[in-house]
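Working notes, beginning with the structure itself.
By written order: A, B, C and D. Residues from 1 in each chain.
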Amino acid sequence: MSDQKLLGELVDIARAFAPYGKVADYIPALSNQNPDDLAICIYSIENESYYAGDHLKKFTLQSISKVITLALVLMDNGEDEVFSKVGMEPTGDPFNSIAKLETNIPSKPLNPMINAGALAVTHMIKGDTVIEKWDRLIEFISHLTGQQVTYNEDVAYSELQTANLNRSLCYFMKQHGVITGNIEDLLVLYTKQCAVEMNCVDLAKMGAVFANDGLDPESGRQLISKDVARICKTFMVTCGMYNSSGEFAIKVGIPAKSGVSGGIMGSVPGKCGIGIFGPALDEVGNSIAGTKLLEGLSAKYSWSIF
Amino acid sequence: MSDQKLLGELVDIARAFAPYGKVADYIPALSNQNPDDLAICIYSIENESYYAGDHLKKFTLQSISKVITLALVLMDNGEDEVFSKVGMEPTGDPFNSIAKLETNIPSKPLNPMINAGALAVTHMIKGDTVIEKWDRLIEFISHLTGQQVTYNEDVAYSELQTANLNRSLCYFMKQHGVITGNIEDLLVLYTKQCAVEMNCVDLAKMGAVFANDGLDPESGRQLISKDVARICKTFMVTCGMYNSSGEFAIKVGIPAKSGVSGGIMGSVPGKCGIGIFGPALDEVGNSIAGTKLLEGLSAKYSWSIF
Amino acid sequence: MSDQKLLGELVDIARAFAPYGKVADYIPALSNQNPDDLAICIYSIENESYYAGDHLKKFTLQSISKVITLALVLMDNGEDEVFSKVGMEPTGDPFNSIAKLETNIPSKPLNPMINAGALAVTHMIKGDTVIEKWDRLIEFISHLTGQQVTYNEDVAYSELQTANLNRSLCYFMKQHGVITGNIEDLLVLYTKQCAVEMNCVDLAKMGAVFANDGLDPESGRQLISKDVARICKTFMVTCGMYNSSGEFAIKVGIPAKSGVSGGIMGSVPGKCGIGIFGPALDEVGNSIAGTKLLEGLSAKYSWSIF
Amino acid sequence: MSDQKLLGELVDIARAFAPYGKVADYIPALSNQNPDDLAICIYSIENESYYAGDHLKKFTLQSISKVITLALVLMDNGEDEVFSKVGMEPTGDPFNSIAKLETNIPSKPLNPMINAGALAVTHMIKGDTVIEKWDRLIEFISHLTGQQVTYNEDVAYSELQTANLNRSLCYFMKQHGVITGNIEDLLVLYTKQCAVEMNCVDLAKMGAVFANDGLDPESGRQLISKDVARICKTFMVTCGMYNSSGEFAIKVGIPAKSGVSGGIMGSVPGKCGIGIFGPALDEVGNSIAGTKLLEGLSAKYSWSIF
């Protein structure tokens, strides 16, 4: 059976889990998604791609953007500066929790994959203005996908209106000197970052760059330094799948980052990138069918890194 | 330069960090250790070994034993039963913390590498009596090392006397039905397990079994099932190095488990096992020189799995 | 209308709330109680008593005993020694919580009304053996009630069997030096203390001693020093009614301590003691009808101290 | 010895403790205060006053304002509405903590004396605009003191600039529906409230109104309803003195509320109000000399309510 055909069969099997999940409902743009959607693209480091499902359907990155921004910021600022502001440790607390900021002294987000840490990372994007920072980020993402990407204005606007928990995290960190400057500016930038839109082929392409030690399989250019690509893949394993990162590492074993839109970006070192879109989420916030699909793929192709 | 010679040089470089650490001091047997000790063995899956430092010096496993017991218990009871009693998620809390047992409902240790989880795992060793359970465990460890190992009675006795925090964890878990039966029996078993004694060659040999998907490089026998070996290596990455597991994954990227005696067992998938003994600890409880040594080795040989 | 008759009417009104509560069910002896029971005695500092309901029915003190033991221990050891081991501050955490013991450094129970603090207090009863300590305590209680009291062996035995959470608290405190010595001995003493049995007249009599600045209204003897009586009444206000102590202070305003058996001992400074028995509990563990009864009494007689 | 003379002597004794404290230093206006200052006024419900120290020196209310605003808001909205948004229970956490907002479901500040609760209370002041709300509040305070009071603009401005922790609390509560509307407006109102300025005579006068069941000793008017006055005094006991409220209740036993400026308002039921200014603070944030002074007064005049 061809890889392409096998992929279609695995998607059909995984789609059966979608009804057990539910789409995010905190903003209209997400709650309107079709819970039965499931699409995947596998993009090899030899620049070949396979897909199944409606692979051209667009969705927003949401938390997946945390890894991309981290890569940019690490290259801009260096590891020492970045990790003086955000930790490297996984946490047993929810992604949007504020408690550890209070109990850990000095106050510092535990890692860049929880909201507090991601906000601190976005705060470090180089640029004098929000526009300059945004331009740098969207250009970087466009390089990774190989084409110009944009963001969904409705989603960004809705998220900014409902971003009070992130506001709370920001002001808490501002109080403790983790971040400085104008908080609304930072939130505008962060919500745009989360609202960047693409399809699963673009997402797989980005995953392939990480899988290929930062080298673009298409252009052959080094878009991310090898060390930074490695660091990002490490965070994807230790804290990429919200509060089931540990379970995902055991059952799947592929560096991956998910978002509340139902997207998952996977990166199999030395092999391929994976882009998945399946908006029905499990109780911790990962695509329920997407996770099952990755479990099947990892078992089939022995992709666990462990 | 030969691998053997290079290893000696890397050990000399790493030993310079020992004075910045300090040996565990909660029991006499540990506080009497020489802080300048540093020994390493690398045991390849082709059954070749290299070592440097005083590689015959014995030390106790302490928390390293948590991985070994987990392997035995997973093979005895199956994943479903084990993970109904202990979780798979890393935690931002200290290894001996009780707080999450109270705040997480239902009360269940977050993972098998923190003390609460390790006690719940040891509780699942098959056997009608403490003696039967102990015999099963020590026989299993002896198979892994390839020779009969024993435990240090002084260390086990001292630890049992000072085990009040572990007693507290046990009774808390008993209250919530995570464990049952006699707590003193469990603590006797657990402290003996922590007091198992070996040298860094034995430790590297065990690491090699995990690295070789559970297959003994010496005898060719399958001592651990492939799946269980993979699960153990995953936990070693997500929570093997106490509260700097995340940082270690980024800087070293090798599945590893450390103990408060100064031992570290590493396992490079498909390559080799590593045994290290360096009793001077950093502030989170890992061998300070041992960690530096692994960082050097990983960079030199590109052993990061990410 | 006479006070006696009014009391009967208030009891009838309050009893209507009993069906909204439920009796404690963690041991058989408590779960067998009749949820509709409601009895009260008011014992004035002029040595007059009024009662309504089945005032001769016996029940166990449970947490009410925490105040009595505190009085004894304060007189035995002095404020400085007692408060070096246990704090004076109310807590927003549940009465059986362990979390604050971990997060507060140095580890010390926040107050003597939560289980951890009460265990630390019982630990300070003078005596070389459990028997000596117990004899001192039961003699003290008998002086307060004016007649020999005993304990319910079934209740004490059942509670000892199920005391794993208290065991956990004890070993945690032993680890941190708050208590020393044999934990099972301490738990035997503590569970006997909780199982002391009396009726609501005895309970009201004890409350009257506190209300009368430690002076026995019956014999005229100073059973408790004035300062210690004041300290105990203060704790009854700030943390006597579990996690609704604050609400009780606002709505009732009478120093009071409740127990999971459904007993409440009240103490109106300069006026009277109150003993209530109503085993149907509200969701935080206070007698639901008893609380309503006190609210009615306080409003009727302006007994709030605020 | 006359009361007036005795007061002077007690002040001299208490002032000796000032060097062991230190003035608040988070804004210039507070850090410039003289740590040796200590002034007191006792204002009886018979409308007589006694004072010692520089009784005309002005200071800002800071957290003392929380009680006054609570009184106004309770009269405006009724108990049911107010306590649907803020709890009645003391907490073992710091006054500015956010953790309990996250762990308590539904998210609701534990009481009106911690910052989160006070912000929720200020949010309930009636009025269509910040100006209307402010006018109502300052008029209410002026009635209580018996003369027009104003606020310190420098202090209000400085506090607004550094109010990021309060911003964080507000947005967290907004996320959870505890408060609504514009957060900067609320913070402007809250910082003005905290910056209301008066001397210790004014403060004692306000305390006397609470002591006199809400009746103004000067004009004979009922400025606060009796129930609301009682509720406020209760909160002053259970959580008025930050994280040493429990200790203060035991050692002093007077309803009191302190502020970080060094002010303390006391209220001895049926006797007198007390106003103290002593800016050197102890480690929990209470006037160190002021606390000692109240301890002396309470012992001397048997003012403990317990």
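We take it that a contact is a pair of C-beta atoms (placed from the backbone, for glycine too) under 8 Å apart; a residue touches a chain by one contact, two chains touch by 3 or more.
The chain lineup, named per UniProt: A, B, C, D = Glutaminase.
Keep in mind the model is a prediction, meaning the values are calculated, not measured.
Looking at chain C and chain D, not one chain touches each of them.
Taking the CA centroid of chain D as reference, the farthest chain centroid is that of B.
Distance between chain centres (mean CA atoms), chain A to chain D: 47 Å. Chain A and chain B have centres, each the mean of its CA atoms, that are 32 Å apart. Centre-to-centre, using mean CA coordinates, chain A is 55 Å away from chain C.
For chain A, the set of residues touching two or more other chains reads 103.
Here the touching chains pair up as A-B, A-D, B-C, C-D. Within the complex, the chain A residues that touch chain B are 87-93, 100, 104, 110-111, 230-231, 233-235, 237-239, 243-247, 249-250, 253, 255, 269, 304-306.
Contact residues on chain A toward chain D in their complex (touch as defined above): 97-99, 102-103, 164-165, 167-172, 174-175.
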